[in-house]
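Step one of this worksheet: look at the structure below.
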Amino acid sequence: MTEDLTDIVADIVASMRSAPDRGRVAHYIPELAKVEARHFGIAIATADGQMVTGGDADMGFSIQSISKVFALTLAVGKVGDQLWDRVGREPSGTAFNSIVQLEHEQGIPRNPFINAGAIVVADVNLGGHQPRVAIGEMLRFLRYLAGDDDIAINEAVAASETASGFRNMALANYMRAFDNVRHPVELVLGAYFHQCAIEMSCRQLALAGRYLMLDGRHPDGGRVVSPRRARRINALMLTCGHYDASGDFAFRVGMPGKSGVGGGILAIVPGRASIAVWSPGLNASGNSQLGTLALEELSSRTGWSIFSPPVAG
Amino acid sequence: MTEDLTDIVADIVASMRSAPDRGRVAHYIPELAKVEARHFGIAIATADGQMVTGGDADMGFSIQSISKVFALTLAVGKVGDQLWDRVGREPSGTAFNSIVQLEHEQGIPRNPFINAGAIVVADVNLGGHQPRVAIGEMLRFLRYLAGDDDIAINEAVAASETASGFRNMALANYMRAFDNVRHPVELVLGAYFHQCAIEMSCRQLALAGRYLMLDGRHPDGGRVVSPRRARRINALMLTCGHYDASGDFAFRVGMPGKSGVGGGILAIVPGRASIAVWSPGLNASGNSQLGTLALEELSSRTGWSIFSPPVAG
Amino acid sequence: MTEDLTDIVADIVASMRSAPDRGRVAHYIPELAKVEARHFGIAIATADGQMVTGGDADMGFSIQSISKVFALTLAVGKVGDQLWDRVGREPSGTAFNSIVQLEHEQGIPRNPFINAGAIVVADVNLGGHQPRVAIGEMLRFLRYLAGDDDIAINEAVAASETASGFRNMALANYMRAFDNVRHPVELVLGAYFHQCAIEMSCRQLALAGRYLMLDGRHPDGGRVVSPRRARRINALMLTCGHYDASGDFAFRVGMPGKSGVGGGILAIVPGRASIAVWSPGLNASGNSQLGTLALEELSSRTGWSIFSPPVAG
Amino acid sequence: MTEDLTDIVADIVASMRSAPDRGRVAHYIPELAKVEARHFGIAIATADGQMVTGGDADMGFSIQSISKVFALTLAVGKVGDQLWDRVGREPSGTAFNSIVQLEHEQGIPRNPFINAGAIVVADVNLGGHQPRVAIGEMLRFLRYLAGDDDIAINEAVAASETASGFRNMALANYMRAFDNVRHPVELVLGAYFHQCAIEMSCRQLALAGRYLMLDGRHPDGGRVVSPRRARRINALMLTCGHYDASGDFAFRVGMPGKSGVGGGILAIVPGRASIAVWSPGLNASGNSQLGTLALEELSSRTGWSIFSPPVAG
């Protein structure tokens, strides 16, 4: 099977190389707009410890909203289910940066993967410390998960987000008015923008995601989160991981996944694989155009889907 | 394992019998308001052909919106992926009978499981015939799936829906204005109200749902839908099956499921089980209070969840 | 002054004749789409009993939503201020046929001049009778106000509305679900569609509106409504008479006015004039393009505006 | 008549003194919450140069949103009709601090009297200068209009607004994201919060409003704005001056008016009177409870309403 997987990945890389529509690179964060659309990378960490990669699997990219998965993992570790008093667990039906829902629901974001929800999670993770403490903790966490100390923040991207982050500033101030952001807005967003500016390769990201395929355990045997929480994070990725295209991703790909505006997607097949894909061009919903296609092809070729009977290894 | 399952089901039945909060029986369809809240039934059809039941598993109840799963299966069989030009695949973030989203999205319902979407599906299934033709086809389909010719429509419930169905009338007329309902509204709703008034027991419902755990095959070997479509119906049940509590159901139970206002829920564990629970009292989101709890307990006891590694049989 | 007014009206007619953009004739009611865009008419009934007309002032047109003013006058006569338990008095901020607001506010329309509100008013005016009784009453009322027995219903237009009135059917059914429409929907809409299909000329309409410039009195001395009610109907026309362009109409024209999709506008200068203009082409907000321009020019030339000090007669 | 007016005002003061429901003093700006609810003041500046006052007519209060009228007057003086590219002229149908509408309409506020619109106006008035320059200009303008150099800012209130102004911060940042706020948010809100914290008495406010009853002229003969603009500011006060209760105010009082959360209302009868009332307790819509009642009684007693024929002086 691992050999098969190598062939499948090679086919996908070839097929993506010639894809006619590569989507559009995000332009609202100036620094991200500089990345070239031609890149495509994929890395698959399997439950039996293999790693299969293809394309630009070792090139670093800005993980952006994919960081929300790891930030959520840290936050439930800190405050447990109390988090759910401040953030909902429902798909939003609206764009990633919508403020409408917040007004209708009194400053409680619909879920931890829309920007508003991730800002509340960042507020929780700040825990009275300075942003650099929270950012340091996040980096240490990712390095441990991936077993790779080279993961770092791209400061140019962080600065670029800070300068143009007016909508996030609006969201944070709005929730502060409802006392659902509790630290000074500048500090919370400082931590949040740096977390989004973390740079990882597909390989590093697939490695970092392994605990979600292993019911909460690090491959080294350490427990990252309880099985119940791992399952629930996967559930949230499935229902809310792709903003207002989450239903479509579930329909076409059938895996819990989280996309980032940098063009990366982390997808999980529980008990089977932790997958990272990356291609900077985005589709109309703001998710990686080729990344989504590649995962759809992977699901179709391997039979990996949480919605069908498990295939034999 | 099957013996274990028998014990688990017995425990669940006992635990539900003494549940302090049984929710509220739906009152907006007068005929449904007559059902007693004390009932609870459960039936599990396993992939290896066992049937484990508990409580009022053989008492008939109104399947209501659960019928939308079977209607969708018929409709994609008739018009294939063209259906998705007329119905979306995203969670709605709003109540089952909301009309707001329709106005914002030009008469295209968010998904086939909110009322508006199910009315479009009923319009497709009508296909130029009289309602009784469409209803006859639906009944034959369910009898075949469940292997039980006793499945029938409760005419008193159908009449009760017709008389009070003003919001559905509003939805249908509204979509007709956008040409997304194409038959006369009376005929479409005639078929729709009768489909909702089908009466089944937990046992019948669990049997009828088996094709969704078997990648689209009837246990008799016949193909009901392609594996791809079975998977996609499961995905839609997961993201949209419980209205604006779909995220919470995925989070707590972790199975594709579809609830009905009659208190039933059909839940699927691909490759493993087709499960029906029933208890008429509803929670604040309009889903069966005890049914949801029972499925949560079942998931917790068996480890069945699409978000965790498959457990050994 | 009357002579001056004659000149002003002649200038306006000339200026409208050569207007480059005449708007678009409404097409959603098939029968209305047949009217030619080139028409323009104006009629001004002054408080001192003069009548100044220009253009196609004697050509009949479908008054459509302008009928809502007269229907409201009848309804407050029947049920008094109790009407305001069922209909609001605020601008809606949305289109004339929006259903969104109804869902947010539990079936209570924002004001009596959006379609939903006018349907509630029609329900009140029906008062347990058959539609033809209510329609007969409305016709008698208009004939009395205008002193003209030739006012009648265009049955082809009424039939045309009935056939395509799906959105109004949706609104009525939706409010019926909240018990804010109390007669059978077919009867209420029957009356409503016929009321909208009344045909009047500018001359007839300006005559019919005189009680609103005369603090509620017919020029024959009879009291139509109390001064307080006349004032309040004018206030509603000002704030809600042009749907989501009411603010703009107040800003540019400065008179209470009510537009209809047939291209007519009735405008009132209290103590001074009752004005009717008609031109079938509509602007983007669904109000008569030339009618609005003509009233703006009239206001500018005469100084008539409720927002400036009264000009000397 | 002036004598009559004195009696009427005395009656109103007496009637307000014994009013059972005085509303609730705003508490979201801490400094405002300290004001006692028992106060009531009224001042009427007539077109013929009289001044009639009653109650606490000389006690200063925070004019808050009433300042938006004067800020708008300055802004149209600076940029003319270009202002309307950045701010709408329609009633919003939502609360004064709603952000929902901004998202639906791409950062363009519905009108200059909701907070978002007033922030854009403050951005225009800032014109590249420091907040203290803009604030100085506003104070000079008000002192000129009222002929009273004692008008000043309450710095404690300004500081109180700044500290709790998270929702305004959200609005401003949100519009900055759409480039509809063009100066740094801190500077714009600095000017805005100080403008809201201006303190005036009823007497001063009624004097300052005279140009709006005099078609744009200061009583000293100087032109403040053109007649057309004065009329349009009155129109905006009528349709948008009381947030989502503007329709009700027009219906009950029938005068262009602007309320502030400090409990003041400025109301205009063109050609007749400039009226200021003040009582700190607010009704459910956030407008002065007694202030509204007092104006309703004044309108009823004097016949002053823009919706009825002008009464003889």
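By letter and in written order, the chains are A, B, C and D; residue numbering begins at 1 in each of them.
As a convention for this text, a residue touches a chain if its C-beta (ideal position, glycine included) is under 8 Å from a C-beta of that chain, and two chains touch if they have at least 3 such contacts.
The chain list, named the UniProt way, goes like this: A, B, C, D = Glutaminase.
Note that this is a predicted model, so its numbers are computed, not measured.
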Chain D and chain A - chains in contact with each: none
Maximum centroid distance from chain A, chain identifier (CA atoms): C
Separation of mean Cα positions, chain D and chain C [Å, integer]: 32
Cα-centroid distance, chain A relative to chain C, in whole angstrom: 55
Mean-CA-position distance for chain C and chain B (Å): 48
Residues of chain B touching at least two other chains: none
Every chain pair meeting the contact rule: A-B, A-D, B-C, C-D
Parts of chain D lying in touch with chain C, wherever the complex brings them together: 47, 88-94, 101, 110-111, 213-215, 227-228, 230-232, 234-236, 238-240, 244-248, 250-251, 254, 256, 270-272, 300, 305-310
Chain C residues touching chain B - in the complex, by the definition given at the top: 98-100, 102-104, 166-167, 169-174, 176-177, 185
